[in-house]
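Both complexes shown next keep subunit A, but they swap its partner, so subunit B is in the first and subunit C is in the second.
Then we have the complex of A and B:
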């Protein structure tokens, strides 16, 4: 419920409205796109930034957390970096703009600006509901990104890396990706920052899997310590399709990553694995909703959080099972290692069930390191800090190993190791 | 896995159209005029011969209430309540306050007899040697009788209606009233602070173990009345008290409002056990009528090593909105919440608990079983939080729900908030997590797994229900047979 209509706008809210007034003239898009953009910004003006009174934002009070915005212009130039996994095809958005050659054999790739200009992207520019801040902001400002169409039956051997590289300033990028029936692919969505300037980045991926498509999608957010990142993935799963989604957060100051899944075809299978590595003054929010709308579908979510320093971690998960969705099997678990007295973690794992023949469960734990395990390692001559690091590493690495894609597992483990070395 | 037939049958037995307490008592009533205003509050206060400070307290709450908005976050849906279309005070005529049983209107006695509530002390004494229970009977806005007062007084325990306590022990009431649920707490608690008419007051002095179960039985009878009860229980150092409440209402087409506030205070090493068998009229098959049960219940474990335990069996009310909570302030304090909530017909339940860990080495345990059938909606909403200084806070939460039929809904909304690295919170919502040891023990003796699980779950339910005196737990008893196979988190 949004009761803020007519309220005085905060500094950040004003800045966003003004930024829109300045930007709208140069943003790509035909008349339909412009109408959609205008609609979204006026929805934003009416609601403002969400406060903790808005249930979807209960633990991420943006009115309090997002006080200022960086200038729209980047601080310095940005260029693509080497892909996470060797041999991947990189499609990069550098300081908000599509750069270089972006052809990809066997896949139809278009720059998002093109789809905005011809109006085909207009339909996607909408908010999921009245509290969908990311949908509103991203839709109003979106400029860079790629639209991908993976043909039916295509089997992509090498991963596709969708990269945003930012050097201060603001970027709003979007990646509509459609996987045809029976196609298989691995996509890495990677968000990075160069330099020291604060950046404000929103990204929205619209992912649809046709029947029997089999996709692995990795989101690696590793922005700078002063950056704000709002990401959203909207997923629709067709019959018999399978999506493994890994979300790894290892950076940023204020981060909200939303995952919204509509399980729309029978026998579809969704897997979410989240790793949130939180340190410094980070506020990190992973929010997930799954709507099981048809019978015989499965979903499984495991979230592992490691919280150091003064970091604030949030996980909100909601599994909705519709009346017709009999035989749904949905499991959600959220485990947190809270390693500092100045840190905190809040979890809200919700179930909303209207079908009577389902198996749904959730578990949530918050603990510190197991002292018997620590003792075991130390008794074998491993110094305490090393032993701790091993245990923390094991806690998160466990779920990376499930991927069974060696180069990918190694790359992600390296990211985790580097992060832990710096923070543990 | 769907629920087994036995469970379905048992839930059907407590369906809305089986409501047995829907009769009406014909008795002459004295009522305040309809509506809510400062004059009505003065009228109530005057009727109760309250001291000036109490009136001021009420008026202050009323003025605040006028500035508040009705909360809309709960998963319940009901038409807007017209607070000016209610009677805020209704008492049997010629009623002069709780008195000896012989002065009570025989019609009232018959009512309680029909409800199975023992109001005559001698009857209980002459009967089979069951445990003694002292009862405070609240009929609409007033307490009609409180039993065993004298015997309790000998032990030093004060048990009387809150109106009496305000007159007889003003200092005690003043010291504790509103310290757990402040008048500004929430919309309905503020309304209650302004207009509460009766309820129970319990004071157990230092070192005293209350010699018998205390209980209050609430009955809404009069048409168009709201019942606003206020209960205050104080257990001094090392004291112990077990208290239970029961409630019913006649069958009516209109909705009736019941907005209570219960405050519990446990000092050093004290323990309070609070049980509820809630059986307000749930409305008919079409969802017409029934009681709106909007209740604020909170216990404050103020002292070291104190303990507060909430047990509730919820089968009634059209709409339930209540979260019996524990503030674990004292070091080493403990909070417990055991709940069985059954919804049927068009009932809506949004209930759960809050465990707020503030002190060091505090622990809490939440076991919640929700069963929804018919067209009902049953939501568990609970919060567990550990504050910065709550070193070694421990929580275990288990909430299971069972759906019978595909027209109802079950929801779980837990809020888990840890601000201390030494906190250990575990939340789970599956039946498969039954103690491995117990399961192994049963399996080893040749009991099939499913039967073993049912046995263990039933064992738990039984344990909760057995703690309720049976006179009040007819409905609860039926639940013993209900297992939660096929349940979901």
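Then we have the complex of A and C:
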């Protein structure tokens, strides 16, 4: 498979092309899906992995960072684990595939493979733009996942957990989820590794909220120390809808999670809270774009990063306010607790505003542990290490507590505690 | 219990000397009041006693039960029984008050080789102490000191003190910000802790608190030194005449 440009392929690029050649025969999909897949892989071949010269990837030079790919096949079997929040309904993708029966009372659920086979998924298999590496790779390779349709007015009591779990190998999963008008739900998208085998995982969630839907969506990424994880969530918000999106990164070796939001209906409200727990030799990138396209919408983004060891963190946040989108209220902040001299964090918040009557702002701070707070805790007999751990925890717990859903808050705090115990 | 000898201390960052040859002795069982004009070094002294790193001791000694504490960090001093009720208690968003109390009590117990408290026992103690100080349970469910009113913060400090049962209690302007009823409640809380094996140092500007917590000794701090010591009548003199005469005599 030579590229027309004659550009030399890197080992990882070559591995991706070869993986596609081997996989394509067994990937589900009708003719339209196959055409879309072929189109995406040739787009990939034309551009290769993005380098720092591509603006969207400036801080995450994939050509340099992604050197090799694990084999497509998993190292060993993988079975779903207990849900994060007790009582949730789990829909799992195990080693890349939907296993066994599944059902979700009150919601129309189909295995993604079915929607690929009948061609209804073909339209979604597209890249957002020329530099949408995750869209390309996921669209070309996607196999497992679920398509959910939450009926208008449904009030789902129990959380839905969309779980991907694998033991090494390559997983490409997708979750198109449509929330009908006025529906309410909590969805936990959870990505986990079992065992030691290196994994390469891409996931893409396509989330639409119809008018007045009210949704809490949690992305908990807890991959293994040798794993590469590329996640993307595409969101479209209807009038009066509200989405609380939490992204918690607590694992992986090379991670990029993208969040792309189109605020398309008046009075829509979008909230993003990001918690990035970084340690070891990891590279973690949270990239966010929001397009406020109509008047009277709000968005608020708070990103909290805790960075230990030699970890590199990235946050890119771009808020675009269209000319017609008067009275937009958008606020973005990125706060980093840098706990090692060898760690670093790059934050690039951007506002592009074409309307004149808006309230928009952004800020980025890098801080150390507050010494007055540390002294106060120690003056009560709490030893320095424990006091520091409490303050690091507090820095992110503040964000989690905003959820006001006790079982969910407790579950996320437990994840954070466990991570901090291992790294602090 | 506490012996401070010719103490000199400066701000670590810029070297400004704040405590300039201070001598003070407080015996077990005693309540000592420290008074003095704004900026004389009272809070600085309390921070140095609790081991705050922002200050450097350049000369002199602090002996607690006969042993120097200068090499101990704040948590080690606290475990040995030194407690400072802060003039400005620190807000810590994200740390739940109850969790903080539990960790503090258990860490001190661990440091002293005692068993950790069970959760029911911990809850019982907090409930009881909070009731004494008329502290609402809802306040304890909030993050530590966050959004507490000035008076609530001071009461929360005394709650911590009752629960931790320290041996040397230093109260830095605990009366400021308290309404009349709260002052009485807090004073009762402090008086309940008076005992022959415990010393209490009360930093205050006003006689009013000393009407409730009657001191055995009163010391006047000025420019980093104790310039006069006396019994409780000294506080009455100060209330009536101000500091001018004493400062003049010392000069």
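Here, the second predicted complex is superposed on the first by the 418 of 424 C-alpha atoms of A that agree within 3 Å, B and C clash if a C-alpha of one lies under 4 Å from a C-alpha of the other, contacts with A are read in each partner's own complex, and residues count from 1 in each chain.
The rule we apply is simple: a contact is a pair of C-beta atoms (placed from the backbone, for glycine too) under 8 Å apart; a residue touches a chain by one contact, two chains touch by 3 or more.
As the structure is a computational prediction, the values presented were derived from the model and not from experiment.
The superposition on subunit A brings subunit B alongside subunit C with room for both. By the touch criterion stated above, A:354 is placed in contact with subunit B alone, subunit C being left untouched.
After overlaying the two complexes on the shared chain, residue contacts for A:343 are found with subunit B alone; subunit C is out of touch. When the two complexes are overlaid on their common chain A, residue A:390 makes contact with subunit C while staying clear of subunit B. Ranking subunit B and subunit C by residues of subunit A touched puts B first.
Of the two partner chains, subunit C is the only one that A:375 touches; subunit B does not reach it. Here the apex is the CA centre of subunit A, and the angle it makes with the centres of subunit B and subunit C after alignment on chain A is 80°, in steps of 10. After overlaying the two complexes on the shared chain, residue contacts for A:157 are found with neither subunit B nor subunit C.
By the touch criterion defined above, A:362 lies against subunit B but remains apart from subunit C after alignment on the C-alpha atoms of chain A. Contacts of A:404 after superposition: neither subunit B nor subunit C is touched.
The superposed arrangement places subunit B and subunit C with a least CA-CA distance of 14 Å.
Common to the subunit B-facing and subunit C-facing surfaces of subunit A is no residue whatsoever. On the side of subunit A, the complex with subunit B involves touching residues 1, 55, 58, 323, 326, 336, 338-341, 343-368. Subunit A contributes residues 371-373, 375-384, 386-387, 390-391, 393-398, 401 to its touches with subunit C in the complex.
Per the touch definition, subunit C reaches subunit A in the complex via residues 50-54, 73-75, 77-79, 83-84, 86, 89-90, 92-95, 100, 103-104, 107-108, 111, 143, 160, 164. If you check the complex, the residues on subunit B that touch subunit A are 1-3, 72-73, 388, 401, 403-430, 432-433, 486, 488-489.
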